[in-house]
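Working notes, beginning with the structure itself.
So that you can tell them apart, the chains are marked A, B, C, D, E and F in the order they are listed, and the count of residues begins at 1 in each.
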Amino acid sequence: MKFGILVNEGPYNHQASDSAYQFAKAALEKGHEIFRVFFYYDGVLNATKHSEPPSDDRNVIKNWQKLAEDHKVDLVVCVAAGLRRGIVESSLAPGFRISGLGQLIEAGIQSDRLVTFGD
Amino acid sequence: MKFGILVNEGPYNHQASDSAYQFAKAALEKGHEIFRVFFYYDGVLNATKHSEPPSDDRNVIKNWQKLAEDHKVDLVVCVAAGLRRGIVESSLAPGFRISGLGQLIEAGIQSDRLVTFGD
Amino acid sequence: MSILHTVNKSPFERSNLNSCLSHVTAGDSVLLMEDAVVAAMTGTAYADRIADAAKQVKLCVLGADLRARGLDPAKVVDGVAVVDYAGFVDLAAANNAVQAWL
Amino acid sequence: MSILHTVNKSPFERSNLNSCLSHVTAGDSVLLMEDAVVAAMTGTAYADRIADAAKQVKLCVLGADLRARGLDPAKVVDGVAVVDYAGFVDLAAANNAVQAWL
Amino acid sequence: MEEEFEGGAVKKFMYVNRKPPYGTVYALEVLEMVLISAAFDQDVHVAFLDDGVYQIKKGQDTKELGHKNFSPTYRALEGYDIEKLYVEQESLDERGLTEADLLVPVEVISRADMARLMGEMDVILTA
Amino acid sequence: MEEEFEGGAVKKFMYVNRKPPYGTVYALEVLEMVLISAAFDQDVHVAFLDDGVYQIKKGQDTKELGHKNFSPTYRALEGYDIEKLYVEQESLDERGLTEADLLVPVEVISRADMARLMGEMDVILTA
């Protein structure tokens, strides 16, 4: 089955991004496909390359990057939501790309299920 | 009277930063002093220099910068909260500085009132 | 000693306002701001609770937040005072501490 | 047609879970996750509401979120099923759509 | 209510609004999502329940806040062929509001009908 | 309960915790704030009410989530001379919890006493 995932909140402040990551990992392990992960609202903040969490905690951004590397998951950041919040091309960690909100609607159309994680 | 202000949330996603700005502006207009504005939790995201909101909306970051310029308000971003969320020296808009959480406790001690704005 | 309590979320969505109102003491003030301003209006399922609270403490609401949401400051519950940001500053100054119910 | 409803906030803090439970229909499933897992426990002021809901819909709770908060999966309300993330994926696949009550 | 299923790619989308405007950005950014979706020729439904009904309250004036007043955009949705706007009766009642308080034509339905409508959707987007 | 007011700079600080841990970062970052405040020789009070009581629930195990389990740090507060921890009785009751469920020694007080205690504070920090 093809899953689309929408992440509404940034890293650390809310568990949304962690839960989305755990869901995506579990879906892939079960042989499902992740059509796309779309980052909207404060979710765009998950794409920053400058995050350096304490070494004894999980690294939310690196978790997504590794998932993208290992499974070619498409990680898309909303351009308009990013501009509001200061996430632009130069802030992006490897593995993320910036595009339009249409990519979320497309994920809704192309995926069998769209699952949202937020506050 | 001396006010300290704590901003817990980032720009746009929550009204907290707007309300804090309106409070600070009104306090200054009434002749009070703002000892410091401290940005903690997602509040650190108010300091990004990369934010470009739509031109028909308010610019939250510029509002703070102008307040700092016009009234020499001390805008302090928590270093540890910033590191988690990717706000580091190179991301700072002019007018903000990064320092430790002790600056918030000091604001609590030195100010007559500490007012918190959050989610 | 008295506290200015600020509440910024709708009582239909969150328990902040209820929790705040069960921790006020005589002489305290409560300011409804941001999304909490909906609680100040007459005709809602919450209006009686607000009318009761307004008898115990000084209850205020931010006019700017009411108007932004299309709510008429002339139609707030009896006993609730509509204030502007300068009034918010005065409330913070008039009490000994400010507690945000987040 | 059936929906998997996800709820991630405590019913003591927010109205999400109440709102969700008043919009479920026969055959739907509800997953309590993140801070909403506190609702699944026996002994709380909310437990009767959950026990009732578990008779109407398939009610599940994420074990990882229970254990993180020191809550014992063996002590959830009767009729609530404890699942892992793989179980969450199965629930999403088994229903026609997923609705997050944010 | 019949839909064109030519091409097999038309899905029933629902955007669920449960939060008031301005206190958070969700109302505005959901609206931006609704507008974009118009370009995809899907079967779009927009639901207002709980505090979401405040998003379409008449008479919003944000000058003092400095926020953009985006409420007129709801009236523009019709021009994008987005005409299926649903408001929950019980949510209005709890807030002392009536259909006359709303700035855009909507279909007011009961909570039970809202629940049934949600059950017919393929994609449900919330914030 | 008497305080040293030498130097005139000792204020009564209260950190109010009302949210569960892990769903949001507030519990952790408030704890970091409490730890820093220890260096300033203020009169520190830490209150747990509403869902905040879950922050000090025994037996937290975050391995599956990947989150850092910061709950042992509450037990370390004593070493920083932060010993005034208050828990609201009614909040425990509503959640079916008792003092025996808590991982650190606290003073359990009534809601009315919590309200009175708040009224004595100079600075109240919440998140």
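Quick note on the criterion: contacts are C-beta pairs under 8 Å (C-beta built on N, C-alpha and C of every residue); 3 or more make two chains touch, one makes a residue touch a chain.
Note that this is a predicted model, so its numbers are computed, not measured.
Taken together, chain A and chain F share the touching chains B, D. The greater number of contacting C-beta pairs, out of the two interfaces D-E and C-D, is seen for D-E.
Using the mean of the Cα atoms as each chain's centre, the chain most removed from chain E is F. Counting every residue number used by either copy at the chain A-chain B contact, over half are found in both chains. Of all chains, the one whose mean C-alpha position sits at the greatest distance from that of chain D is B. Chain centres here are Cα averages; for chain A and chain B they lie 28 Å apart. Here the spacing of chain B and chain E, counted between their Cα centres, is 33 Å.
Shown for chain E are the residues in touch with two or more other chains, namely 18, 22-25, 50, 65, 67, 122-124, 126-127. Shown for chain D are the residues in touch with two or more other chains, namely 8, 12-13, 15, 34-35, 64, 84, 97-98, 100, 102. Each of the following residues of chain B touches two or more other chains: 8, 12-13, 15, 22, 41, 54, 80, 84, 114, 116, 118-119. Which chains touch which is summed up as A-B, A-D, A-E, A-F, B-C, B-E, B-F, C-D, C-E, C-F, D-E, D-F.
On chain B, the positions that touch chain E within their shared complex are 12-15, 18, 22, 54, 56-58, 63, 119. Considering their complex, residues 12-15 of chain D touch chain C. The residues of chain A lying in touch with chain B in their complex are 10-13, 41-42, 45, 48-54, 61, 80, 83-88, 90-91. If you check the complex, the residues on chain E that touch chain A are 9, 11, 13, 25-26, 29, 32-33, 36-37, 39-40, 42, 122-127.
Put simply, chain E touches chain D in their complex at residues 16, 18, 49-50, 111, 114-116, 118-124, 126-127.
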